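Following this line, the structures themselves.
Look for chain A in each of the two complexes below; its partner is chain B in the first and chain C in the second.
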Partner chain A sequence: MSVIRQGIATIQRSLRADRAHGAWLAGFLLAAGLLALPSIGLAGEGAAAGPTEYRDIPYIGSRNLVWIVAQLHLLLAGFVLGVPIFAWLCEVIAWRGGEQRYDKLAKEFTKLLTSAYATTALFGGILLFLLVAFYPKLMNYLTDIFFPSFLLYCLLFLFETATLYLYWYGWDAMQYGRKKTLHVFLGFLLNFFALFIMIVPNAWATFQSSPVVISEGTAFERAWAATWNPTWWPINIHRLIANVVLGGYICGAYAGVRYLSAKYKEDREHYDWMGYVGNFIGVFGLLALPFAGYWLMREIYQYNQQMGITLMGGFLSWLFIIQAMLIGVLFLGSNYYFWLGITYRIPGSQAKYRRPIFWMLVSLLFCLAVWMTPHSLVASIEEAQKMGGAHHPLLGVLGVMSAKMTVSNLMILITFMSFVMYWRAGKQDAAGWAKLGKAVMGAVLVLASLAVVVLGVWGYFVPAIVRINYFSTSQVLIVIFVILTITPLTALLLKSAKTTTEMVWGNMPPRAGYSLVLNAVMVILLMTLMGYARSSSRVHWHVYGVMRDSSPYAYSPALGSASLIMAFCTFFFCILVAFIFWVATMGDKAKAAQGAGKTDLPHGIPAIAGGAPDREGGQ
Partner chain B sequence: MSEIAQLQLIALAIVGFGILILLFIKSNFFRVTGFVSIVLGLFSLMSLAVPQMASLPPAEETIDIAAIKTPTDIAALGQTIFFSKGQCALCHSIGPSESARCPDLKGIGAKLSREFLYESLTDPAAFLYRDYRHGGVPKEYPATMPRIDKDPIGLSNNEILAVIAFLQQMSGEPISISVSELEVPGQAPSAPVKTAESAPVAVAQAQ
Partner chain C sequence: MGRSLIKPIIVMGVMYVVLKFVLPYIPGSAPLPSSLIFLYLLLTLSGIVIFETLSAESKDAFWGPMQRFLTGNNIGGLQALRYGVLILFPLLVGWQTYSSTAPSEQPPSESRTIHPAPPGEYTGLANPVPKTPENIMQGKGFYAAFCSPCHGGNFDGKGPAARGYNPPPANFADPTTIAMLQESYLFWRIKKGGVGLPIEGMPWKSAMPRWELELPDEWIWKIIMGEYDGAHQSPRTWE
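Right, the complex of A and B next:
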């Protein structure tokens, strides 16, 4: 023990000597060590008794510990995979459009990746040790099936790490000409490897829910069959989009926090603009997310009815009411931020847009109320007798999928129109075909909304299979059609439009910063909630229908107690991300302090509406 | 104090903690932390307000063959299995129902032979619509019948026979399953719930 104490003291001394912040890192290392200690001790006990199926840890329990670490690893992984997409998109915008502030934004976020990547790997390592220690039988079984993909995963990590180093450290060296093209290609490669780093472990996780096990063939063939399981691609697509959403909203939240603390005008302008970009990318992904979620749920139903019913009609059914609430708040928060932008960034437009904003708010609240309506109500026996069952005679009609699909599509349409309204604010059409173009867009929107509602109402009168296979799919296609029609038309219209009011950055009220934070928290909570749903849908199986969970934890906790673990994971993840941002920007603050002394300017790039040249461009 | 009440208190304390920070702390970072605490506390309170349902693993039920004396006892056992471990009522109704995802089983014991019922439960795709005729266009159902003797439901042979007895009884038919047909543990192999040890290479892909 004295050797260990000496070792710890040496590490702490060296960290203190380096910088005061090393104490944080030492704390993390000690925490990781402490987490691993019980598993080592308990592993010894298991080994003496022969083959061990499970090990446990006192007080917190092995399942809860694995749950928390796995959730944090997944959230960090989502962040690490979402940020490069976000950064690369910004870099491409700067590369093609010439607005250097996007390039600086991309660089600012890529800088986070090195520390975030290490933290994600740290949690991945802890998770692996805990799984091997607590679930040896399951891990043995999964290793037997997925061994070839484990090797592939290691290779992908090597490629990803090398590409990340080149991408980050080569940023300044590869700024111009062909080198910039190469740098953009490196960014693409980074995301390409990141995609595979995501989909390989997705195969392991989805295999547990929808296993395909074959007894014949080589190890590679068996691994391939298990990988290509029915829910693999739906999860891949869903997580890919969700990572973009997470990356965007976390960028927004970071900008929101910095905006609230900004002391200088330039900082306020910069972080206001950054918040706008983050929110825009978050919303951009959010519009597509329900479609991906619908496809995933459909695949689950097609794979196994019981699993689908467990999720949507069984003990997890109330979870979807909570999910509706979170998504609803996210939609409201995103729209609210757009509306604040119209009001405060475009002077004089408040009166013009007050009425449409009011009706959009009313419509969103109505849609949210319908989405949150449960199919069956919690009622006493007397109340149930009065209602004639658990279904309310009026509200029961709104608690079914037909109504919920309709309002979710309408909410997407409203949010899209909020964005279009923000886009068009402060501009006057100058094109000769502007009147016709606006009429076409209006007609498309009205007809599409009507079609979504008609299909929703019609859905009550057709068999479920027709509604699921044709009506719901048609509703989704209609909304996609609206987005794909109105976006290019608006872009074309605005190309020749005159700017009547310049956008003014940095005037947003503090509540705009809080709304950005709220959006990020909602996305993280949604991810933790759906992680619980996906895991619980397997009920008492490690691998559904193949390997039964025979541990004392072969049950799924009720939503209430699970929600506290979800809240803890969300809070801890936020603290981790804040820590990563703090560590990554420490150097900037020091540089800014030096720079401010020389030029009396704070750090941050002045961002003016209409793509005004930044400080470097202007020099 | 109930567990729910304790959890609600914790969630309320988190909200209160956030409110206190917003009221008394000036630092923006801590104020945002307080705001996040309020949001998380409210989320937990909302989650605690909905019906709390945990999913417990099914008990390893053992059938006491000695307690079953008559075919009616077998049917009673089958009724229990129909609404619990067998999960039949998740999709099927007995009598017309708007919410049923699969065919109404009212009178099914009279329409189908015992052998056909057994085959429909253990190999549902063997014969479609052979004896079970509809008037007009066959109705399409969103659900597909799983093999009931395989995981994840995994009914034993005795349990399947009991379900058939129940279907016959509720259709007004004489029960054709006799007590002597039930396998007594130790005398004949039953079909327990298979785990990965007993079926390490089971093909578990749903039909």
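Right, the complex of A and C next:
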């Protein structure tokens, strides 16, 4: 207890000594770290004979604690690795295009990033301590294989931290001329290191799911062989895209909350725009995510039939119905935000677009209904008898991958067209070839939709391998072709188009802000769900087929009890993010209160995460 | 009641009637379980709420009557109805809670896992029997002798004994059954039967015999070839 009291006293002293808000964050992190330490002390010893294989703690249990901390670390990591990608892209847009609001937006994104970075590292540290304490045998085994990449990871972390500090604290100092070029390069480096920070630990986690035979050799050779396991790159790509989606939607939610609480017109306009950008980034990633997910599942199936069936046909298959529901809500929420944007930001467009929106909504709901229809239905004995089993004779065909792939591709197409509609709203084509261009785009869209449906239906009548390797891939390629054809054509058309109605920012109703928050919650829930899926697919193995889990927790929790942990992780992560954002924006409020004096702040004030100078201030 | 409120009520009503009374009577169809009807109605309701709240006008037309009914002043004769709703709604929620948790003679709804994962030793097994016309014919012969009484001579799950089982035997001609599985999966299911299902296959409702007690492995592999050929399906492969 005296240690804790000392720790609290240290925090209080540091808070008194430094009024910068970064100190609050540091204090919180320190307190969290200190509070987590006794959990290791509480750990009970395992069997007396031989080296300790497992330790446990009372009440919550070692597995649940590791689960929660790992999930929170992953969510935070997803955010801090996803945000730099589009923060940097925004900066590049501002740098090349000269539109300074993008630079301001990039800076605001990065401000959120700096405050979240320390928390991510803290949870990573706690996770490591807990893993070493609770699973010494497993950690010993993994260390033996991955030792060189552990060192590489430390180096990468060092580079990432240094680059992030230079990138954030040098923002104002490197605004113009060659210095700006250097700053943009720092942003690139930040993303470069971030990518490797993600893919190195991905190798450790994917090796547990899809281990490969490691022959004798040097430590580097062994680590390299284990890294190149079958699911490493599918996970890398899937996580990279998912991080962008998570980052986009969380930034959108942040903007939504700020929009809802904004008191001034400029703030409303800014956060309305920021919310739009966040939602756009989220949707942009979301369109590509199902393709990456499909590739990952295909690799899992090919690696091990047992694992594939456990996920897609076995006890985890119900999880994918929940996944369909969450993704469906995400698609609906994102489209709803686009449609609200058309109605409220472009005055007079409501009547024009109401009918197309109606048909898009009906199509989306139809697709979602297909996606959410399980192969084996939940039915009472009486109902099952009437159906002649757990499969419905008519709707049962909707429960397999051919149908799911078809509707997910159609939903991507619909969402893309929603965006194109939003893009075109309030503009009148002036190009001579506009009629022809629109006819081509219409034809491409109709033909592509038909082709996706035909391939989906045909997929029932060909061997599975033909469907997986050719039909599903063709569906994906068709959708990508549509996106790559219609996007430049629309951009060309709009280049010469006349703006009939100026876009009005800051007019969105409160429900737009709430829908942004809903989207963020859905994507967090989705990530917690898939975290459970990936870990549970290993069933009773630490390292699949190699090292068996012989702890009392060598069982997969039922979906119902797992959902409690998922809900808790989602709730706690939201609270954590809200706290981090609150701390990060405290400085803005203080500066806003000082009024005109905000522009006089000296540049380059040294401050810890979250308290960096903000020349624009008061966003 | 505004026009915008009547339309959604009609849409919900029509949807319910279609799902409950029209779809089951389409040839080849069957009644939908309540879980699926609930799901589709929920999606319909979500669509209505989304569409009706797209603009300020449509939102007011949609929520306005409900808001006035629940919170407005001077609603005249509707006042009694408001109290009725305010009393009835919690009672309905309570009744729903009670009926879903009270002990009942009805067994609970099942979310059965149809394809539990096979044990590790069966994954990746390749059919060792060459795919020759003779072997396929022989497999069909074994199928006719041992499997067709339940799974049917046409591989459609409608053998003479099928009516005695719940759930019914699998329909191999359905592209969503054996066409989704590798041959090794079928080998495991035939060899070990219903009693060999793992825990994740609960509730164990399979009358499939444990054929390893009666048939040699070679016969089982031949039966698998015969099944796929007879049902005009192909096993899942990775080549």
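Here, the second predicted complex is superposed on the first by the 545 of 619 C-alpha atoms of A that agree within 3 Å, B and C clash if a C-alpha of one lies under 4 Å from a C-alpha of the other, contacts with A are read in each partner's own complex, and residues count from 1 in each chain.
We take it that contacts are C-beta pairs under 8 Å (C-beta built on N, C-alpha and C of every residue); 3 or more make two chains touch, one makes a residue touch a chain.
Just so it is clear, the model here is predicted, and its values are computed rather than measured.
When both complexes are superposed on chain A, chain B and chain C occupy overlapping space and clash.
Using the contact criterion defined above for the overlaid structures, shared-chain residue A:L340 touches chain C, although it does not reach chain B. In the superposition on chain A, A:L368 makes contact with chain C only, while chain B stays out of contact range. In the overlay built on the shared chain, the residue A:F315 is in contact with chain B and with chain C.
With both structures placed on the common chain, the touch criterion links A:M547 to chain B but leaves chain C unconnected.
Residue contacts after overlaying the shared chain place A:N304 against chain B and chain C alike.
Once the two complexes are overlaid on the shared chain, A:A464 sits against chain B and chain C alike.
Of the two partner chains placed around the shared chain by superposition, neither chain B nor chain C is touched by A:G125.
Using the contact criterion defined above for the overlaid structures, shared-chain residue A:V517 touches chain B, although it does not reach chain C.
Overlap of the chain B and chain C contact sets on chain A: residues 304-306, 309-310, 313-315, 318, 378, 463-465, 539, 545.
Only residues 302, 304-307, 309-310, 313-315, 317-318, 332, 336, 339-340, 343-344, 350, 354, 357-358, 361-362, 365, 368-369, 372-373, 375-397, 399-400, 460-465, 509, 511, 539, 545 of chain A touch chain C when the two sit together in their complex.
Only residues 23, 26, 28-36, 39-40, 43-44, 46-47, 50-51, 53-57, 59, 106-120, 123-124, 166-168, 174-176, 179-180, 182, 184-185, 200, 234-239 of chain C touch chain A when the two sit together in their complex. The touching residues of chain B, when paired with chain A in their complex, are 3-4, 7, 10-11, 14, 28-29, 31-32, 35-37, 39-41, 43-44, 46-48, 50-58, 87, 90-91, 101, 139-144, 146, 150-153, 193, 195-196, 199, 201-206. Chain A meets chain B in the complex at residues 141, 210-215, 229-230, 256-257, 260-261, 301, 303-306, 309-310, 313-316, 318, 321-322, 325-326, 378, 463-465, 468, 513-514, 517-518, 521, 525, 536, 539-541, 543-550, 554-564, 566-567, 570-571, 574, 578.
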